[in-house]
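A, B and C are the chain letters, set down in written order, and residue numbers restart from 1 in every chain.
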Amino acid sequence: MSIDARLTELGIELPEAPLPLAVYVPAVVEGNLVFISGQLPTVNGELRATGKVGEGNGLVAPADAKDYARTAALNGLAVIKSAIGNLDRITRIVKVTGFVACVPDFTAMGAVMNGASELLGDVFGDIGTHARSSIGVPVLPMDSPVEVEMIVAFK
Amino acid sequence: MSIDARLTELGIELPEAPLPLAVYVPAVVEGNLVFISGQLPTVNGELRATGKVGEGNGLVAPADAKDYARTAALNGLAVIKSAIGNLDRITRIVKVTGFVACVPDFTAMGAVMNGASELLGDVFGDIGTHARSSIGVPVLPMDSPVEVEMIVAFK
Amino acid sequence: MSIDARLTELGIELPEAPLPLAVYVPAVVEGNLVFISGQLPTVNGELRATGKVGEGNGLVAPADAKDYARTAALNGLAVIKSAIGNLDRITRIVKVTGFVACVPDFTAMGAVMNGASELLGDVFGDIGTHARSSIGVPVLPMDSPVEVEMIVAFK
């Protein structure tokens, strides 16, 4: 099954990739690797939420943050498709790095990042399993709760 | 001398690599590179310590944190051995990135990360010298004081 | 035009690359890629400034931080030149990762990192456009306000 068909089967619609910016670009292809810029959980160019992840009033709930990590990863796939034309060319999701903007007593950034990892597993199966680092930070661009970057291999 | 013999000479016992997880894996081999997941200073699956690095009561002492960075790097070597079968295949430790969970007035994360770098130099000699970034963060998964990731080349 | 000539045209003087350190090195060449260590905005070995980026008294002004990001990237180019001998060998700036030490309500780390990205665009043109991640952190080594790492491809 093609990845596009798999996305349809999962009910996932790939967003439009963002346009190249002036001073940097969404993705660079080098050899058989694609390096993507840090992706935020935007839909139609707007962040789905802002703020810090944690338990309590005024914070982004961890379950919501997991969904935002999924959105950021989906934006990453859109960027990769734009760079290499076809997601079927991907041979491996190599590395995922996730930054979670959170309060200092929040320690479950791994569970947040599972939103990205599970999406990649659902879509790509075995070749979607990846090395991963999850990092807590105080703040991300535009006050995004999460930022996800990836390195993928393709043929 | 083989790396295993060198480890024995140094009195270093390589831990068991963690088992692959559901949604991500400890290491991905792509071409002649191994990318590993962020490693924590666990022994037999338990973190050696939790908390933030700094000077003062209730904080993880920098000298202890340096030793935890060494443990995290050692776990990374176990993961790499599991991925490529034999540490003698390593041709270069390419890049090490270290995240240190610390209080905002702690600025010696480089000294903490020397625990990882010195281990790699002790074990691998010239090919153990690597590019490195050391970053201060407010919190890491499971409240680990350090997290270390690596890219290595092998033949 | 050679990159050295372009630097002269831009009035940019490339600094001396730092000497290799004991336990890690400024850059590692692996295949056709150069991975560099996290670069700080030092001039002649001294940080241009210390502190956290933000708006307000006692903070590093964002416009200043942008200039420090440029200095860090320039140090990165010096390191790369030292590693491969000649910046004309660069075929692509692949990935730039920028860490900005900032207060938690500062969200414009992208604008800070433009100091690095614009330098790379000015010097390298199209091949200077890169994938990028910008991350807010509480503190960096030696209390540096910014840290910039890069992966570049060369021939």
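Just so it is clear, a contact is a pair of C-beta atoms (placed from the backbone, for glycine too) under 8 Å apart; a residue touches a chain by one contact, two chains touch by 3 or more.
The shown structure was predicted, so the numbers you read here are calculated from the model rather than taken from an experiment.
In the CA-based superposition of chain B onto chain C, the rotation angle is 120 degrees, rounded to steps of 5. Under half of the residue numbers found at the chain A and chain C interface occur in both copies, marking it as a different-residue contact. Mean C-alpha position of chain A lies 25 Å from that of chain C. Each of the following residues of chain B touches two or more other chains: 137-138.
Per the touch definition, chain C reaches chain B in the complex via residues 20, 22-28, 30-31, 35-38, 52, 97, 99, 101, 137-143, 147, 149.
Of all residues in chain C, those touching chain A in their complex are 32-33, 92-96, 102, 104-110, 114, 117-118, 120-121, 129-138, 151, 153.
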